[in-house]
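As structure tokens, here come the structures.
First chain A sits with chain B, and in the next complex the same chain sits with chain C.
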Partner chain A sequence: MLSPLILIQILWTSLATSSCFVLFALAFALVLKVNRIFNFAQAAVMTTAFYAAYTVVGLASGPGWAGLLAGVAGAVAMSAVLELFGFRALRRRQASSMFVFIFTLIVSELISYVAMLIYGTWPATIFPSLFWPVTLVGTIAVSQWDLMALGGTAVVLAATFAFLRWSRTGQSMTAVADNPDLAEFYGIARDRVFLAAMLLSGLIAGFSMFLYGTRAQVQPGSAIELLLFAVAATIIGGIGNLAGAVVAAFVLAIIQNGSVLFIPSEWQGFLLYAFLFLAIVLFPRGVRLPQRKRLVRRTPAPALGPAES
Partner chain B sequence: MEYLYTLAILMALYVILAASFNFVIGYGGLISIAHPVFYAIGAYASALLARDAGWPIPLAIVAGALVALLASILVAVPSVRISGDYLLIASIGFQLGVLEAIKNIGWTGGAGGLTNIPALLAPGSNHAIYVALTIAVAIATVVLLRWISRGPYGRAMSAMRDDELAFAALGRNALAMKVAIFALGSGLAGLAGGLYAHYFRFLAPGQFDILQSAALLTMVVVGGLRSTWGPILGAIVLEALPQAITFLDLPPSLLGPLQGILFTGLVLIFMFARPQGLIPAGDIWRGRKAMATDARRA
Partner chain C sequence: MPGHPDARRSFALTRRAALGGLGMIGVGGLARGARAEQEPLRFGLAMPLTGGQATYGQDQVRAAQWGLDAVNAADGVNGRKLAAIVLDTQADAQTGIQAVNRLVSVEKVPVFVTAWSEVVKAVAPIANDGKIVELSVGANSPEIARLGDYVYTTFPLADVDITAVAEYSATKLGKKRAAVLYINNETGITAAQVYRDTFTKAGGQIVAYEAYDPKATDWTGQILKVRLATPDIIHIQGLVADTPQLIAQLRQLGLTQPISSYSAVYNPKLIQQLGAAANGVIATSLAPGTEDSPAVKAYVERWQKEVGRPPNGLPYTQYLYDAPFLVAAVLKSLDSAKKPITGENFRAEMLGIRSFDLPLTGKLVINPNHTVKKPVYLMEVKNGAWSELAVVS
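Moving on, here comes the complex of A and B:
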């Protein structure tokens, strides 16, 4: 019998676990919105971030903050390399979207093989232990990691949306996402905006991969599977809709984690892929909720006929 | 010698896969990367029918191809309404979902793999027979697909791919054509799967994952999309080159990643140095004279 306390505990844990996935989805959705690329090379960025942090903390016994910095720096550097030497060249050649897709997939594989060669195929974690101190809040077990992940995610989300809303570069990203040719006509340097979007995406992916690596084991090929979750959330949330991707990632993660109540845990992965397939087949333009009726102030339209003399 | 036979069989199977995949994405314009999953469905269906139901192996291989063909129709009917990047992502979801299901179902052998698959050749037979068989099937596949793509149906496929709206306006059924292309390509992949299963006699879901998709896609694009010989050359070159380092006597922990790095590195070099592919497709619907005239003008 499922008690409300167990249900609340599962919901809380699902919410905390979903935080990394929300940021993976945000990073993916941002590049898709601005650069119009299904960037599967984000898996390469995530792999770089994890192993940079692992090298500093797990292998060199450095402090956690140094691992975070190394992870984020690695991710941003990989994003810059991808944009400057990959996507920019492909854009100049007017490569088809399939060609760009293959490029992103191959880069992800390449980085995964490089990680395999250097670090082996065994799963690794950034800190030696995956256990975090737990406090009881009422009857709900809240771990220190849950608070760190949720707090960090909230800060990153707020900072990203504030950056896009109020900073000059963020506004340029929105302009380029809406109409790249018109944006360029108004003097916005498209290449710089594409680079900025990639760097911001790398920053978010690096931070979220650090969070993920402090809670779960990672192998060189793990990132591509994690990324598929972000793809599903982005599609369900509606392409070009960052907030939609964030909400969809939260909901998907909670459903996936909560599904242990109804299906065996080994089928959780299947659930994700079923979401991905059904989301695209049934909702290729994302899930659109019915819009609320807005109060619109109606003003009489001016007469367009010839003026009376 | 057995190593060379195995390599030749793998190359022939990849030629079947690359040619049929080229038929789907190149000639049909259906951007799906789920081709390896139909290879897997054909392989598993054939292996299970022969092992557990006692079917004769040749019949099981044909049945495996038919199961893959039917599965592809079931997927294609709802999926081909969408196109481009969306179809591509949907195909990833389908592929990984099926593989995840295979991992969790007991009678498919689960994540550990399916073993004790009966061999097509009797013990002690000359493996050259199997090499000849797979090469013959590969040649038949290429000839069949070339014949279709260069005939009246191929012209209709080309019209549908280039302008679906105009194609439909002429009263042609684009959806039926897309499903037919997808089904034929997937059925051929299933046939390759059956041939694979009864030679290597072991199947695991990991053999058909997204890396396999990337490898096939690469063979087609690096070889030359929509050309007859390009994917064949792509399959042979990209299967053969990473094998070069197997003679270095490296430990498996190094050999696997190094082969992967060599493969992906080569692909990246080809993508930037020769983006049109090793054998670029000509416009097959124009006469050679017209193309020669264009070349002279240029």
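Moving on, here comes the complex of A and C:
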């Protein structure tokens, strides 16, 4: 049963299919880190992205790149609306974080219903065909979608972390995430940073939802379910830890897929919630690898008294 | 000839006969008119008009309304109009209970039509306590046959088509080793068991039996286990949202065996989504299609003409279209026998008639064990199109 070829196939396919979830988790973790919002309205952003792309490609028979642009533009626009007319207004009214959280839940359901009224409940895909050509590498099946998804995800991850590390806006996001009041004291406009984080999150969510919708069928309520995985990965990866969320999403997907080789398949769905439960109970700050001890040069304390002769 | 006395007599007789005939027609017409002007006979129609399932529910109500119009255009119930009281269930148990309570307590209908397994189950005690007939039209949980004396279905329950496809695979297609992939929820678990038991009983062997999570989007682990088991045929018991993607992944991972499933995958979209990978997929249909019946063809053309699209869930709407015909047939029989129209009498009369010829779904036989007997149409994708493989009676 456990031949290396089977393990390699599972590893490869899990890596590819988890790529969308990795980006969902990154988008969610970013807003949680910078804006400090459990943004379940990301499901609304994802729904908007999918149906914008579906309208252009699936309904209007436009090219794929136009669908990608429409999806990303839709997601970014929805994120901007959420920040400018939702979160910003709630901040000004000093709404509690619980109130903001409930607001995000309502928005996700609202957009789901709007999508249902416009597009119906029948599952849809961005391209008419779900089937992607496959190449055998040895005996490992590698589909074109796998390559596109992994390549796209690698580019988005690299660009996001580079943006956060080296761009002025990215550094401002890190500063606001660490201490919003201190950041404002140093002249960083918090509202602009919050908006930038929402837009970046929307861009990532829009791209990943486009990827997802080119492989799987989507219904108006699908995004809410997809987001649960992102939330689990964010919590397990450690709140405020973007790289942790990314790694957790990859690992969770691989464990879930590979688990059926070791346990009855009926238990597969249970695993995610079991991990989440254990992570919250045992690692409330996220699962962190032990840090290497820093080398500290010990220097003798200077003598405070007069030197003895 | 007009000048001949006999001819005159003949004319007079003819005129008298004609006047008498006209009088009779007039009296009959007046009587019929009086019946038509009577308060219409009513039945309940509790369906999801809002909420997540409204897309299907609204189309089904439209189909039932068209069926009702056709019944009334053809003399109604012995000249009396038939009307439906339509209430919203949102496909939700609580809302369904409110709607059916109103139908039973306020509207006092002898029979009501409803659908969606959750609602059908939730309102069954109301039907049984009130001795009102509940007709489930579209829900397919096998439990429906065990919900009580007043709950009947006009739609074949899940085990009918799964049994047919399992038996056909083992006996007619000669498949000896089957793998089963099923969604781990109410839809998949029971039906997968039915397939497993039937296939085994028919002499086959189940070589892999794998569940998958309802939220799954990747099935690599299960598929590789199936691949190792080297089955002759793979049966998928999933949902319309995940089955096409699962089939795509099976084909991508090199499994070329025939794949069977059930009515959920029988739609043209599957071929569009999978292209050549759809070849060899076998599905079931519980109602005749446009190729089988001119009436169904005309019905689908009417949808295109009046609504601009085919109905969501065509077979289900066919059953809803036929529901008023069944209700009218029972009421006609009661009316002819001059029996009071009550739920108890409706039930007794319906079971007495048992067999109904319905316009869009064909012959329906209601069994005493609360199931129905209907032919199962096995459809197969060949050369990029659905074609009829067999009809299992």
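As a convention for this text, the second predicted complex is superposed on the first by the 287 of 309 C-alpha atoms of A that agree within 3 Å, B and C clash if a C-alpha of one lies under 4 Å from a C-alpha of the other, contacts with A are read in each partner's own complex, and residues count from 1 in each chain.
Assume a residue touches a chain if its C-beta (ideal position, glycine included) is under 8 Å from a C-beta of that chain, and two chains touch if they have at least 3 such contacts.
This is a predicted model, so every value here is computed, not measured.
Per the definitions stated earlier, placing chain B and chain C onto a shared chain A by superposition produces a clash between them.
By the touch criterion stated above, A:116 is placed in contact with chain B and with chain C alike. When the two structures are aligned on the shared chain, A:143 is found in touch with chain C, with no touch to chain B. In the superposed pair of complexes, A:13 makes contact with chain C only, with no contact to chain B.
Using the contact criterion defined above for the overlaid structures, shared-chain residue A:269 touches chain B and also reaches chain C.
When the two complexes are overlaid on their common chain A, residue A:215 makes contact with chain C while staying clear of chain B.
Judged by the touch definition given at the top, the superposed model places A:259 against chain C, while chain B stays out of reach. In the superposition on chain A, A:231 makes contact with chain B only, while chain C stays out of contact range.
Shared-chain residue A:125: touches chain C; no touch with chain B. Chain B runs into chain C after superposition on chain A, and of the options 4-12, 22-30, 94-102 or 310-318 the stretch responsible is 94-102.
When the two complexes are superposed on chain A, the residues of chain A that touch both chain B and chain C are 116, 120-121, 228, 264, 266, 269.
Residues 1, 6, 9-10, 13-14, 17-18, 116, 120-123, 125, 128-132, 134, 136, 141, 143, 212, 215-217, 219, 221-222, 225, 228-229, 253, 257-261, 264-266, 268-269 of chain A touch chain C in their complex.
For chain A in complex with chain B, the touching residues are 38, 89, 93, 95, 97-99, 101-103, 105-107, 109-110, 112-114, 116-117, 120-121, 224, 228, 231-232, 235, 264, 266-267, 269-270, 273-281, 284.
The part of chain C that touches chain A in the complex is made up of residues 52-56, 184, 210-218, 220-222, 224-225, 228, 240-242, 244-245, 248, 251-254, 272-277, 312.
By the touch rule above, chain B contacts chain A in their complex via residues 25, 31, 78-79, 81-82, 84-90, 92-94, 96-97, 100-101, 103-104, 210-211, 214, 217-218, 221, 253-254, 256-258, 260-261, 264-265, 267-268, 271-272, 275.
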